[in-house]
């Protein structure tokens, strides 16, 4: 029997959407006694900046992994049980991000919080690399004539983030600020164009739509 | 390779659905000591009206932006990395709305809260305008023979809301109530019909269904 | 231009899924001091029964409305701006249910809580009736040769729930227990078979799948 | 009229995605007084291990049930009202899992918490078994020529988990640790390959896409 690829995509989209939106629950509206509200609010809101920063970093990095996951899935032609469970393991780490983000934003100058946040992101990245490795080894779930440069390129690109995170954790023994800067840097690495260019199925999709409209 | 347009739509639908539904978490059931419950509850619930009002305004304005986003996507025939990241930036602002709404409902008579709420909505609107500008400049991601009046019309319509929000923030220096009234007004502007009429693909979709039934 | 019907369905599915799952956040794990845990937990959990009851009622009634909404959409062949906004108004009421459910579960013997819960459900039901009325009047958005008995039947079925809720609110002046019993009764009315039978597109969908498999 | 199978799948995917991601809300960042932060944080985080463990068990078991549900749906060719309501009942139990998980993680050495967690999972499993029984009895909603070994095999596989959970509840009278170990064991049973192999429709799906491209 067959479990449609669109099903795992739907679950993944749901988990990503919920995890990305739950991040905001960590930014709590400051509670003030009424007489002080107008005067104290600006300072209290300014004090929330680590929350806003970690919200932004985590939201964008989840966006990066969401893109990476879909790009991999788009190459996969068939699947089996292990691949399905690698996907669920991947989502397990993704759904933990609201926790590790809240921990980081609360204890941003603590090495342990920095290490746990990094470890969470490393786990996501390595699971995604495992996903790609499992799917492409012996061309198990991809087209047999897939370009092997593309396979390697995608793997390198996937492993880039975990490497930077390991570096960030190591450097936190010197300066925690350096680690935070590296965390903020990773999304930028991925926003830059790579070997695999993303473009959605416009030509024929668009064409068929136009055709349908023409038929009308 | 191709990232299906339906994937970005699925993530966007998820983020919008979660953000719109999380808004309700800001309306908390009043806690009362048992002997007072029956007598104090009405007053306590009435005191929640700013929460209900801001819930309604934010829910509807998110609905407006959800529609606007999908209308734009429906014109887009192909995409690239920058367009993808504009989408994720757009969703980053959308997911912040439960926070800025909670802030506004708590400090509705404070200029800072009004300004932050407005700034959040302006950021959504400008990112949506950027999305349209990037997609339509040199007809980069839309049909080359798209009606240029339609392109301009959609841009004007998208920029209408940010302009009203800027006005609302400026007017908050005079009367905070005026700003709140303007925030409540914006959705109405968009509910009115525009140049681009929305109708879903009924004719041929319906036809194909009937055909399938006929084939049976 | 066209906004696909599947887009409004996706948003609706998302809002329903989140609202139905958020209901559980109202059931909080009892907090106990460690020495008492084993002995006090059973009583504390038993005291949660109004929470479990209202969770169940609201979950099932949201299921009823989710089915009703999709059944209506399946008849709709085209749409316009007003219909879109009726849909968003409908979802606005749906997303409020976690609040009104928490209120009811906290103040189940209070007429005001019963009335607000009922009013929320009435608002959902009447918006759904408005949706059907707007779509079918002059056969605006449905097949022109739709069976008019079916149109009336669906309307009667949709209005059934709001009528029972109005009755429940009125009867709360006599006994609040009667109102709660009526709230629990409504889902049962809808689980029973109606004129419009639900069955999904198995025959040809299944056929096409078999064909595809055969083609392989 | 027809309610598309993809609609119940979309609601199910949404409820599963939200329930799986809400599990993380039970893992709260420890609150510490600033002078102690660096020194006390490791111990406080270590003390969260029952939360992490129950998060993992529940996430994976929900993954198991999500797979099981979709596998069943993929065999179902048509549906009716009772089947629809069995689905909604199934989702009602699924959405309760964040509560029962939080209860278990708070009172892991308490028999009552173990029993309630197990009962929640048994309810999910039995509802899924009911779903299969109802759909396959007299081949009501499946292909008439479905392999009856497959029907029985799927039923046995579905009933395996509830049986282990009953055993876990019984054994909690001896040692609560044994029960917890059994809960952790169940997902492993399902990750192993079964009679019904999962593979997604790559070949012809890919083929049809290629064809479309070829038609271009």
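Structural remarks
Order as written gives the chain letters A, B, C and D; numbering starts at 1 within each chain.
Definition applied: contacts are C-beta pairs under 8 Å (C-beta built on N, C-alpha and C of every residue); 3 or more make two chains touch, one makes a residue touch a chain.
Small disclaimer: the values here were computed from a predicted structure and weren't measured.
Chain D is reached from chain A by a rotation of 90°, derived from superposing Cα atoms (nearest 5). At the interface between chain C and chain D, two copies of one sequence, fewer than half of the residue numbers in use appear on both sides, so the contact is built from largely different positions.
Remark: chain B and chain C have CA centroids separated by 24 Å (rounded to whole angstrom).
Residue positions of chain D touching 2 or more other chains: 10, 13-14, 17-18, 22, 25, 201, 203.
Those residues of chain A whose C-beta lies close enough to touch chain D in the complex are 1-5, 7-8, 10-11, 13-15, 17-19, 22, 25, 76-81, 84-85, 88, 91-92, 95-96, 98-99, 102-103, 106-107, 110, 112-113, 116, 141, 143, 203-204, 207-208.
Interface residues of chain D, counted against chain A in their complex, comprise 9-10, 13-14, 16-18, 20-25, 27, 29, 37-38, 41-42, 45, 55-56, 59-60, 63, 66-67, 70-71, 74-75, 191, 193, 196-203, 205-206, 212-213, 215-216.
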